[in-house]
Structure formats: structure tokens, C-alpha cells
Amino acid sequence: MQAYILRRLLALLPTLFIASVIVFAIVRMVPGDVVDLMLSQNDAGANQRTRDQLLQTLGLDKPMWQQYGIWIGQLAFHGDLSHSLWQGDSVISMIATRLPVTFELGLLAMLIALSVAIPVGVYSAVKQDAAGDYIARSFSLLMLAMPSFWIGTMVTVFPSIWWGWSPEIHYMPLREDPVQNLRQMIIPAAILGLSLSAITMRMTRTMMLEVLRQDYIRTARAKGMKESLILTRHAIRNGLIPVVTLIGAQTPILIGGAVILEQIFVLPGMGMLLLDAVNQRDYPVVTGVFLVVGLAVMLINLLVDLSYGLIDPKVRQR
Amino acid sequence: AAAGTAQAQAHAETPKYGGSLDVATTSTGVATLSWDLADWQATLQTRDTGQFYEQLFSVDLSKAKSRGGKYPFTISGWQPTDAVRGELAESWNWVTPLVLEVKLRQGVKFPAKQGVMAEREFVADDVVYSFNRLNNSPKKTQGYYDHLDKVEAKDRHTLVFTFKQFLADWDYRFGNGFFSGIMPREVTEAGGGNWKNANGTGPFMLTNVAQGNSLTFTRNPIYWDQEVIGGKPYKLPFVDKLTHRVIKDEATQQAALRTGKLDILSSISWEAARELKKSTPQLQWNRWLSMAAARVALRVDTKPFTDVRVRRALNMAVNKQEIIDKFYGGEGEMFVFPMNPAYVGYHTPLKDMPASVQELFKYDPAKARKLLAEAGYPKGFAFKMQICTCTTEQMELMPLVAAYLEMVGVRMEIVPMEYGAHLSAMTSHVNGAGYLTTVSDVNPTTSLRINFGKGQVYNAPMWNDARFDARVADALAERDEPRRQQILRELTAQIVEQAPAIWMPAPYRYTAWWPWVKNYGGELFVGAGRSAPIHARVWIDQDLKKTLGF
Amino acid sequence: MAANMQIHQAVQAPGLAPAARPAPVRHGKFQWFVRKLFREKRLGAAGFMITAVFLCCGLFADALAPYGMNEVDMGARLQAPSWAHPFGTDNLGRDLLSRCIYGAQISVVIGLMVAAISTCLSALIGIVSGYFGGKVDMLVQRFVDAWMSFPGLIVLIVVASVFGSGITQIIITLGLLIGIGGSRIVRGAVVSVREDMYIHAAKSIGASPLRILWRHVLPNVLAPLIVLFTSSVGTAILAESGLSFLGLGVPPPHPTWGGMLSGNGRTYMLQGPWLALAPGLCLTLAVYAINVFGDALRDMLDPRMRGAR
Amino acid sequence: MATPVLQVRNLTTRFKTERGVVTPVDGVSFDVNAGETLAIVGESGSGKSVTSMSILRLIPSPPGRIEAGEILFDGRDLLRLSEEQMRAIRGDRIAMIFQDAMSSLNPSITIGKQIAEPTTLHRNASWAEAYRNARELLDKVQIPDAESRLGAYPHQFSGGMRQRAMIAMALACGPRLIIADEPTTALDVTVQAQILDLLRQLTRQAQMSMILITHDLGVVARYADRVAVMYGGRIVEQGTAREIFNRPAHPYTRGLLASIPRIDSDTGQPLQAIEGMPPDLSALPPGCAFGPRCRLASAACVAARPPLTAVSAARPPEGAHTAGEGAPVSASHVKACFNT
Amino acid sequence: MSKPASTPEERDTMEDILKVEDLQVHFPVMKGVLFKKQVATVKAVDGVSFSVQRGETLSVVGESGCGKSTTGLALMHMLHSTSGRILFEGQDVTSFSCAQAKQFRRRVQMVYQDPYGSLNPRMKVKDIIGEPLQVHGLDKDRQAYEQRIADLLRMVGLLPDMAERYAHEFSGGQRQRIGIARALALEPSLLVCDEPVSALDVSIQAQVINIFKNLQKRLGLTYVFIAHDLAVVRHISDRIAVMYLGRVVEIAARDDLYQTPKHPYTQALLSAVLVADVDAEASKERVVLKGEIPSPLRIPSGCRFHTRCPVAMERCKTQDPGMSEHGRGHAVACHLYT
């Protein structure tokens, strides 16, 4: 098992390497390069000379493989993800300020999603086709069906008109004021979480229906167990693999895809950083964000894979 | 600088110090770029660094409309010559036609900054240093300072600019433009790119940067400037704290304004303004014409737009008045580009333009069809029009334009492009036959040059006319302003008539602020993109704020 | 008892092997399906109906829509719902009902196509990787990892800028994005099915891996697949609206529900709430309908549910 | 041996399937006395397991349903109890050993925990105590190395070990009635003997009753006090073990006994099996279910369903009941056949 | 198709269809939550050798958990064996090429001990039974194919009507018969039956066993028959292997074994057999083995049976008795006979 984990961790390296090559190349090949954008910042009009000079200064005049060599060299030997082309800040420090926001938002959203999805999913499997099932599912699906930007906008607009309340726009880091921070995070996290919860809830319901018909559930009943205990102790676990996988699959959405909510709720997270960086063609930042998101996704998927073994002992033996 | 006495009544209240000011600025789209001026990143850079890096020239805010003057100060790149006021410069005069002597203000000080510099006086060497640093930056726009030979310090407070040739823009290029900030040597040595080192003579000091969220400034206690209110001078700035909010989402901006989380919101669409007036009647308002005038550039080097008749026909085919009336709810102006009405003296109103120009703004589908037929397109044609997905309003409007064109048989296929790709297509001159651009024209002397000069980055229509370029150059070299205005007015009429684009109307936008924001009339800019002197003069009526329940 | 008696009467000559019982009247599979759906899965049936209605709207949009999809009438700007315009009009005076109907064309097409592509992809990758395990799994999963860590946004921007933004591009890109991510879910399910005895039994019969995958593994991971499929319909429609929000959606003048909602719907939220209400309702209803229908479908495909009630 | 612990009266259970209604339990009645072992034997697919699951109300529903009957346990009708009351009985007063030990164990929970569970549920025992108990139980059912096997998962057990784990689970709370559905099919004879001896010891000492469903007629002969023979969803014969083995009355019982392979006989001959096909429970003939396969079948057998009647006139039914449908059966030896 | 049936006389000279040489199957035992360590090894099969001749029935009996199923699965090449060789018609099953493997799968079938788990819950019975035919392309003639399925069902005492049902709708014994029908579908040369009749009532059991025997007579099938019911075993087998704790401890021709069981474990086993006779059972005393049942986790030193052996000697505790031959084909691993 350790060997497996070790192998997986080692496998991260080539994966990250290949992926970084791809992203490194792709972001630079997208039409509209950073120099064009920098030139357009000028009011006086620029010429070819300016352009060449900029290319050289930014080190973009070298062939791509050389640029990559320099970049990966810095990363390998100095643990440095290079610097933003615009701000000149180190990419690591930029990500370091953004990551906690995203991480917190994602974690909260995930917690909310799970704490809604699993009980509702289980409930509606148990009450299959009863009114409760219909209502629970409908509610959950409505949350899925309403785009998060829409809910987000409603939450910002209407309360501000009716009650003079609007979400806080000044981001307060968790370290400085946890209460304020949570107050700020909870709404976007809830919106994100609830919309994620629908799929998880449906997966839970489906798997529950599969499991509840198994013979060992009958055995548990024959022991005189309460239904609720049967569910929590015997049923949930056996239907959990796809649900857990779903959590892994939703990670990229949480880390990279919360842009919209970050935008509406003025949260300085990775999504916004990425969006800005992409818009500004800030190659090192894009690559850096990608690398960090990638690492996170891969680690979470590793955890998910390991959890298969915890959930299903048959899988453990490989 | 003396305050207008006529407005004594308006300023009768005695200002109070303290409080904080929260603003969401005009371009909230992108967070601050570099903090180092030598990185040459124009607009957004000045917006934020302008709070502490001052320049030689600024404007006389007492000439603001709200203070009884005639200028709204809502355009970012240019200020009328008669409104210019020395900022770090006290006075200036031409010693010879090519030598300018500038006397610097005395007693201006850089505040102390821990680990960067001690408090010290601002001197001529600082200007020389800053200029040379900008001039020698590898990221410099080539040719930007070519009109200058050298900049020297004659003594501690006197500067001598030696010109190679006269340039009408000289005060804008290094004085109150985008690349004119004075950054002390100590800061660059400590690392000018790091916001923690930033320190200038301006009214505010940068104290915190929350990437992608906000910039926080505190007042510079030893700021030199004063404001006379009710005949009494007051040290500036009034507020203790100034916060710039980076809020991309408009709904969020407006909600924040509505709930008093923002004191000033600079840029609001007319529609949102109407709603805000209803839901929050206490707000104060100012209306200004958007600089981002849209036009569908038509590549004059590509068929069928090589034919001026086709280009004129497309202009006539679009019902611009209806767009103003219906799409912009009546809150728009027909003729705004390439000379914005705010360029007093340079702008000719449409009614004074030749008939051939006026014709372009009248809806006349019959004539359009006729012109097209004459040009050999009786059945019309199809073309692709590239549009940036970032301009939401235009994304809405363009289908409407397409519908108008359809009626004269021209099919405009809208090709949305992502921001970077779209912009880059223009700057590297590979844009399509039709190309929607909303790039604003920063000042009257540059507008014609950068939008229609051969090879210029904003020249989406690929206008290429040597005589035109020469006339523009003439205007730039012209020392006499009325004569310069004359040339530029003529050139404007010429280029508009040639219709290298479908000229679109521009909508008005609004600035709103709460009544407790005092000594403010909706001004947005002094010089290029800066707002520091405006914000320095604002004081907060904290009692009023409390009475209003905030 | 009574039921028993009836059955007894149905039997003819006793003493024979009871094989000679008359075969029950056979309906077509579809008929059976619809009948059962409407009898037992009311919510699912409703979902089915709504989905069908939207599909029809999409298919026959030209015939159904009272106005053209882009018919501008600046005179009738921002009108509240009325008889002439049951859903009201938008800021260009376009009829919202018509736009919603045309929107169905595109949104439903996007939803279904993306779901089809992504589910097939998920199933393919997930089943192969989960079933074969070992090196194949390791390799495929690293690929999936790498792909999933691509911020989807970049992929979309790349595609939009390299291939232009259009419906096809969006469908393919979203299909890939959702599909490859979803493959992990399928794989997870396969991993737990793989060790079941009946798979061993099939192997020992000599069934080829392909057959085992198709006949044994696939049916037993069908439940999560159906959930995946129906969820991705919704996800895709919503993703398109999210893209519109970021300006990367289906280009105008094609109306999409998401685009209408994120564009005008938000801008005129206060002046003309119907601008958001109409497409929002369509979107919500469609996503909801497809999902409940999917749930019902899953329930009905479960052999253990057969013959219930 | 006087008071019945369990009285099943006229129990009928049906499954509604797409192909029609299946009635695997059709008016079944029997008693189980305290300390007694009732063996149910019979055709595979004749409804033995469904009967036993019906007693604990564990029929999967849908598609199954208990349609009629009474199940009196200590005088209380189980079919009328609330779910909660039923829970208190399951696993504590009545325990069940399921036939399919393989799929009846939760694959993702350790054997130890599954065995310990009933104790914590009904005895309020701590997990530590329950585990200790579980260990003892595993020892009792002859699983070697019980301590370390507690932590194993079902798939790591052999078929027989799983079956024994099921037995241990059933014994955890010391139930009054244990329903054992083929508890020893996967066990070798020596272990089987030990387990069954253990169960018998419990019935003797703790007055536990047992319903033992099995196909191993040797086991029946040795361990059962009374025997019920099922065919086609009905009880066709019932009596003491001795009566059934020595004087089988129903043709099916006779056929069954004749099919037993003998360990000591010469095996040149093929084994004897009852001819014909087993009945289809969804389309039983109106008459005797065994009729189509019965050599003695007469017209009466085809026309009507034979009621349970006492076998020997020499020994009249003790309860003086007329044996018939739904009537309590207390005569020691009854059969459902017109002809013997 | 399968080879023509061999006459009993030929049997001795015929080659072994299956030969197992020193087969070992060990399972690791893991501990720990995330970082798992192998703490022990279950030696489920620990050095088993035997051979089966074409057309004969070898029964494997033995204590529950002694490794019979594991051996069976290993024979089918469904489990990774730790060491040892399994030769099918002289060829190592691990070395098969693709085509050979398919041929092997066609000619060797198994009836699984877990009848329910080995039936795909989403397949109808007709597909479960028909699958082997489909896999090997024998379903081309639709009518014959359906006829065959109906025949198979009837053969194991199920109604052809039941073909449309799913596995969960059957009783335990019926499921077991579905498994048998599936295994018989291809008329394999070698059939590994893991307790195929344990859940059947004696009548149907008799019917099934008769079918097994008939098929053997008709087609020359070879059976490896794992069972607990010694009466059934006696009826069906030619030879019998007795396993104890992962080893074969005695192997002999049927009558030899039943009449003169040599190994003490075999003797105990035979003495424990129950007969369906109330009076006999009431009076009978059974030899119940005493002593701790050893675990495959900790196999006793010396003779594995010595902990429970009524006649254990001192050397049994230390010396592992090898198999030794006593009489024609009667081998036993016990120090009593060395």
C-alpha cells in the first residue's frame, strides 16, 4: 500500500511535467499575446521597435523550448514559479495570497454540499416515490437548475433594495477576523455548495437504491436495527464510492471554476487570479495557477482512490 | 489656487477631517498592474499610483463645473489648456523656442517610509531621475520622448527641458500624462515593483493591497496642498483613509453603493442610474459622456470597404437616432468620435459639420441601397465583424445593427472573440474586415494620429493616407493652439466623411455619490487617469452619514 | 385468495407441464415503458413530458415561434408580458417567447449533445480504466488527472480563440471537459463492480474483455451513468450560461437561455424581471425535467424494481 | 413442550411480478414449541425461505407482500406489531440465519463488528464487551484463531466460515427462537456436527426453539423433533421426525425419502428422483400441487386442493380439530393428500 | 467438441487431463488504515498436488476453510497462484496464448459455491445460461439456441418459463441450478463443481447428480467435485481427495477410501456422517474431533492435524509427513503409515 501511494506520488511528477509542458505551450500559442496587450496600454502608439524591445525584456524572444527550460530550471532548482509579466510579483506569492480564499470557499462549499446531498439523497432513496422523495429531490434539483450567477446576483441586488443589506465587499482574511470572514464566505459557499449538492444527492440516491436491496441490508434488519442505523452503518458506505469520486471530480470546479461567485462576491480567489491572468496573457501566472490547481486535483484524486480501499475492502486487495 | 468665491454658499459648511472614503473607480475590470512606473503600463497604473506619485502638472479643480467653473473633469487623458495648473511645478516658461524652464514648488516633501526612505524634500533631481528612468526603461514605447533632448536640474528647484523640436503634446508626454509620475530614487532602489515600498509626494500613502479586492490608502500627513473653503485654507487631504475597490460585477457595485459600502461609484449605466435614483433617492448624481465611443471599423484595404460609397452606405443604413432614443433611452450623443464633445475647441458639433458628414448620421436606407448599388452591390454582401465578448453592451447592440444592415441587404456576421485575442488582432493588424472597437481617444492631438495614422496600433480600419498623416504631424508641431484646433477640426471632418467605420453613438454614464461626500461634484480625473487631488479634497460629513442611518 | 383463483382458472388441463400457459400479451418495449412510466413514476412522467415539449420546441422552433428569433422592434422595448408577447419583450423589443423557443433549440441541443458526448466518453474511459486496472489504469488516470487539472476556462478560451466561438466548439469542448471528469465516477463504480463474483464467472466462461465490459460491467454501472447523463444535460446548459456570463458563450444572435439570463436578465433584473424569468424558468424546468426523468429511468431499469405495485 | 412459542396460521405471501402473481407461501400453518426443533424440508423453491422471512416480516416489498395469516409469537401477532415493536423482537427474541451467507454479510464491515452489532443493539453492551462476546461466539462456531478473524472481511472467509459467522451473529443475543435456513450446507460433516450439537444444546438448556430448514435429511433425522414437508408453497405433511421417516404419508415425502443417496450402499444405480417438473408457483393447478407428478393422482386430486388431515385413524388428532385450511394443526401427524 | 468417451479399461493408460503440482495460494493479511502493512499470510492452499484423468470424477472433501474453493478457483486460473503448476492436458495454464486460453475456457467450466454472487443481477436467466454459448459463437441458429436454453433449464429442474426472470427472483436452490445449467451449457471437458448440490432437496439433487453421471457417460466429462455430503460424493466420484488445512492428506479410489480410510481425519469425517434414519441417529455416537481448530494463519508445525489427532505421536508435532503410497493409487500423509 505504501508502495502504491509512493508510486502514485511519483507518478504525479511526470504527469505534472507533461501537463506543464502542454499548458506552457498552449497559453503562449493562444492568439493575442502579452506584448500586444502591453502595447495596447500605450496611448501614443507603438512600433515594431517597441515590440521587439518588450519581447526581449520579457524574455519572450527566445524559442519556446528555451523559455520552458529556463522556467522549469528555476522551478526545479529554486522552487520558483517565475514572476508575473505585468506586476513583476513572484507567482508563488501571488498564489499564496489567493489560495487560502479559494481553499476556504471550496472546503465550505464541499461541506455544505455533502451535508445537504447525503442526507437528502439517502432520505429520498428510502422514501422512493413518496411525496417526501419528490419534494426533497425537487428542491435539490432546483438548486442545480438555477445558475449560480443568477442566485448570486439576486442575493446581492434584492436585499440591498429591500433591507439595505448587501454582501461585504471588503475581503477579510480568516486569520484576521474569522467571524467576519465566515460571514462573507458563507453565502457564496452556500450557493456553490447547493448547486454542487444536486448531483451528489442524485448519485447518493441512486447508489442507495442499489444498496438497499442487497441481502445484507436484510440481515441488518433481521438483527433488529433501526432503519436510520442501517442506513448510516450498513448502507451508506457501500454506495459511497461513486459519491466520493464525485467529490474528487468536483474539485476542479471548486478551485478553478468558482470565478463567477468570486466575481460577484468580490473574493480575491484563484479563479479571479486565473481569469485576470488569462485576460492579460500573464503566462507565468497562468502556468503557475494551473500547476497548483493541478497538484491539488491530483492529490485529491489520490485521496479519493485511497478511500476506495477504506470503503470497499475488496478493492483493497490489489 | 484660489477657490471661486461665487460658490461660497455651496461651500459654506466647514469641512471636517477624518472618516474614510470608499470608491469604486471607472475601470474596475482589471486589478492594478505594475507598481513600477518604468514598466510603462499606462491607464491602470496611473489610476492607482497616481494617489502618491505626483506629476509636474495637474488641473485647477476650482474650474470644475461643481465649483462654478466650466469643466466637468470627466475625461481621463486630456485637460483643457486653461485649466492646467502646476502640481509639482510652480511655474514654467519658454526660455527659447526649444528650452523650457520649470520652477518647482518648494517645501514639498516625501514622507518617511520605514525601511525605504526618511522624510526629505522633493528636489529637481528627483524629476530628472524619474524622467531618465522612464526614458531608459526597456519597456518604453519607442519614440515617446523623442521630442526631448534632455532634462536637467539647474538648481535644487529649477528644471531645464531642452527640446529637439516642439510638440503640442509636450505637457502631456511628461507633465500630466500617463508616463509622468515622479518616483524617488529610494523607492526604486528598494524595489519599485513592490507596493510595500511605494512612496511619493501625493496626498495618500499606500498601506495595504488586497490583490483582486482593494487598495487601502491613508492620508499623507505632510501633504503640501491646501484647499480654500469659505475663504479659509485647509490642509489636505481631509479623509484619513481612502479605499479603492476592485469590483467587477456591476450588480455588486450598485448593491454596495446602495448600502453605503461605497461612497462614490464612478461609472453607472443610464439604466442602472434610473433604477438607483428610484431605489436610493438620496444619491447625488453627475452625468458624463462615455469616452469609449464604439465604431465598427471597416478595413479600407479590404473589399468591399475599399469603396467609400459602401462605407458611407453602411453608416446611413443604421438608424443611429433610434439607437439613442430606444437603446440608450435618449441618453446618448450622436457624434463623439474621433473628437469628443468634451474637447472644447477641437470638437465641431454635428450641425456645424458639412452636409456630407451630417448625412452619415441620418437614417436613410434608400440612399444606402442606392450607394450600394452604385458601388456594384445591389444585392448587398456579407462580412464578418469581430467583437470582444467583454463589451456586454455592444454584444447586445450589435445584433440590432446587424438587423439594420440586413434591411439594406448587408449581412453582418458577428464573430465574438475573447478579450486578449480581440485586442491583439487589432494591435498586430490582423483584424477582420469588420472590427468593433471601443478604445477611447485619450486626447485631441493624439486621437486622429493613433486611430488613423499609418501603422498605429489602434488603426483598425488600416487607414493609410500619407497626406493625412503629414497634416496630423503639422498640427502636433503647431505652437499656436487655435491654429492647431483649426487643422484638427478640418481633419476630423475629412476622416468622418470618409467613413472608415460605422460611427456609433455614445451613451451617457453616471457618477453617483452619497450626500455625506462633501466638496465633490462628480469629477473623475485630473490629468491622465489620476484622481488623487479630487479625493484629497473630499471630506466626509460623518454626522450626516449617521443621520442617514449608516 | 381471489387473485389466486383467477389464475387457477386460467390454467387448462392439469397434469401437463405448466409450460403451456398462455403467454402474457406482449406489448412493444416502448409501449411497456411509457405505460409503466405513467402508471408508476408520476414525477418521471412529468419530466418526460416536459422534456418532450422542449424537444419539440427545439425541433419545430420555426413553426412554433410567433416572431423571428432576432426580430427587433425598438418600439416594443421592455414590454411586460401581454397577449401579444406572452413572455414580454427584451431591451431590443424582441419577443421573449420566441427567443425562449429558439433558445430551446440551442440550449436543448447543447445539453443533449454534450451529455451524450460526455457520457460516452466517461463510460469509455471509466470502464476501460477501472476494469483493466493496473498499468492501463495508472496511465489513463494520470492522463485524466492532467486533464482535470487544466482549468476548464483556459481550455474554453483556447478553443474559442483558436477555433472561434460557436455551438459546435462549445459542445465539443464541454463534452470533453465534463466527460473526462465524469470518467472518474464511472471508474469508481467499475472498480467496486469489478471484484464481483459474476464478473469472475463470466471470465471463466471465456467471455472476451469486451463482452464482459459490455454485458456485465456496463449494465451494473448503468445507474451512475444515467445520473451522469441527466446531470450533464443540466450541467451543460448551465455551463453554457456561465460561459455567456464570462462572455465565452454561444455568439449572438442565437439566443440561448443561459445567454439571455446572464446578459439581459441580469442587466434588467429590476426594470424587466420577466427578462430573466422567462429563460430562467425554461432553463430550470428543462434541467429539472431531464433529471427527474433520468431518475425514473434508472428506477425502471433496475430489475429488482420490475413488477413493483 | 406444551406451549407453542410460535404459531403460524394460514400464512400467505405473494410476489407481484411482471409475469403474474407468485404465491410461494400459500396458507401455511404450523406451531413451534419451546425447546423444540421444527425442521422444514421440501422441494427447492417450494417457499421455505419465504416462509421463514415472512415470520420476521423481511419480505422485500415491493414486490412481495404478506397477504393473510397470523404469526403468533408468545401470543402476540407479529403481523400486527408496529415496526418498532418488531425491531425489538428481531435479532433479540427471534434470530435468523439466512440461506445465502455469502451475500447476507455486509462486504464492507468486518465480521467482528457484524457479529458484535446485535449485542450492542439489544443489550446496550459497549463495543468492547460486544467484541468479547463476538470472539466467544466465533470460538463456539469453531472458527479458528477467532481473535484475529474478527477483523477480517467477509470476502476473506470461506463459504463455510461465512455461514458460521452468520450463525454466531444469530446466537449473539440468545434468542428464544432461531430460524436457521440451511445453516450448515457449506460445512463439512465434522464441523456441521459440532455446530448442530451446539444448537441442540441451546434448545435443550435454554429452551430455545428452532426452525431448521434443510435438505440434509440426515440432519433432520438426528436433530429435528418435528418435521414439516413443503411442496409448492404449502405444507403437505407434518409430523414428528419418527413419523415422517418411518411412516411417510404423502407421496412427495415418500419420493423424497427414496431419493436420499445412501453412503453405505452400492452406487452402480442412478439415484432415484421424483419424476416430472416442479410446479410453477405463479400458476398452481387448482388441485393438489403435486398432482401432476403423482402416481396415485386421481380425479379428486385434480379438482380440489386436498386439506390437511390426520394420518392415522388409530391415533386421532389430539386437539380434536378438523384439519383444514387455516385451522390450527395440532394433530401430531397430518398430510394433505386424498389417497394415502 | 469433446473427445469420445473412454471405456473404463482405457482409463489407466490415458493421460491426465489435469495435473496439479505443488500448488500454493497465499493471501496477504493487511493491517492499518492508510499505510497498510502485511502482517501475516493466509496459506489457503499450501502445496497441493493431484491429477485427474480424463472422464473420471475426483471429489475434494475436507474441512470448511481448508482451501477447496481456493484450489478450484486456482484450477480455473481465476486466482493468482503463489507457486506450483497447473497443467491442463500437459500444458501450463499460465502459459496459454490467447486462442488457447479461449479454448481452455470453453472446455473447462466451473460451478461457483456462491450461487447468487456469481449471477449477474442485471441479466435475465436465459442470458446467463446462454452466455457461454454466445461467447463461443454457438448461438447462430436462433431456434436451436433457444431450444438449448430451455433444455438446460429443464435438465436442472427449472421451468423453461423461468428464462425471463432475474436471479433475485429465485430461491437458493434454484440459483444454484442456474449456475449448473450455465456450466453445462458448453458441455465442457472438465467441470469444476464447488458444492453444486448443497442447496438442493434430495430429489432434485438426485436428478442433478444423475445428469452429471449421464453426461459423463455420454461425453466423457471430467469432474472435480468439491462437496461436503459424503453420500453424494460416494455416488459420484471415482477418486476422492481429502484436504486438511491447505493440503491433501489422503487420496484414494472411492471404495478404498470409504472402506479403509487411513488418515485419522478421514476416519473422523466418515464417522460423522449422518444418515436419514431417526432410530439409527438417536443411538449413534459420533466421533467429534477435539482440540483447537488450527488456523491457516498459523499452521501447526509437523503434521498439520496433530493438534486434533486422536492418535498423535511425538514425531507428529515436529515432522511433516509426506504423501506416501499405500496400495494402488491410495496415498496418505500420516506418520502412522511410514
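Which chain is which? They are A, B, C, D and E, in the order written, and residues in each are numbered from 1.
Keep this in mind: a contact is a pair of C-beta atoms (placed from the backbone, for glycine too) under 8 Å apart; a residue touches a chain by one contact, two chains touch by 3 or more.
Per UniProt, the chains are A, C = Binding-protein-dependent transport systems inner membrane component; D, E = Oligopeptide/dipeptide ABC transporter, ATPase subunit.
Just so we're clear, the structure is a prediction, and the values are computed from it rather than from any experiment.
Note on interfaces C-E and A-B: more C-beta pairs are in contact across A-B. Taking the mean Cα position of each chain as its centre, B sits at the greatest distance from chain D. Taking each chain's centre as the average of its CA atoms, chain B and chain D sit 91 Å apart.
Centre-to-centre separation between chain B and chain E, using Cα means, comes to 90 Å.
Chain A and chain E have CA centres that are 53 Å apart. Centroids built from CA atoms put chain D at 48 Å from chain C. Annotation for chain E: residues touching 2 or more other chains are 27, 114, 116-117, 159, 161, 168.
Annotation for chain C: residues touching 2 or more other chains are 17-19, 21, 157, 161, 195, 246, 266, 269-270, 304, 306.
Residue positions of chain A with contacts to 2 or more other chains are 30-32, 153, 157, 161, 213, 215, 278, 312, 314.
Within the complex, the chain D residues that touch chain E are 15, 17, 19, 22, 24, 41-50, 99-100, 102-103, 142-145, 148-149, 151, 156-161, 163-164, 181-182, 185-194, 197, 215-222, 241-242, 245-246, 255-257, 259-264, 267, 270-274, 277-278, 280.
Per the touch definition, chain A reaches chain D in the complex via residues 213-216, 218-226, 229, 233-234, 237-238, 311-314. Chain contact summary for the complex, chain E toward chain D: residues 27, 29, 31, 40, 42, 61-65, 67-70, 113-117, 154, 157-159, 161, 164-165, 169-174, 177, 195, 198-207, 209-210, 213-214, 228-232, 234-235, 258, 268-269, 272-282, 284, 286, 288-289, 292-295, 297-298.
Here chain C touches chain A in the complex through residues 40-41, 43, 133, 138, 141-143, 145-146, 148-154, 157-158, 161-162, 181-182, 184-185, 187-189, 191-192, 195, 223-224, 226-227, 230-231, 234-235, 238, 241-242, 245-246, 258, 261-262, 265-266, 269-270, 276, 280, 283-288, 291-292, 294-295, 298-299, 302, 304, going by the rule given at the top. Residues of chain C touching chain E in their complex: 17-19, 21, 196-198, 200-208, 211, 215-216, 219-220, 222, 303-304, 306.
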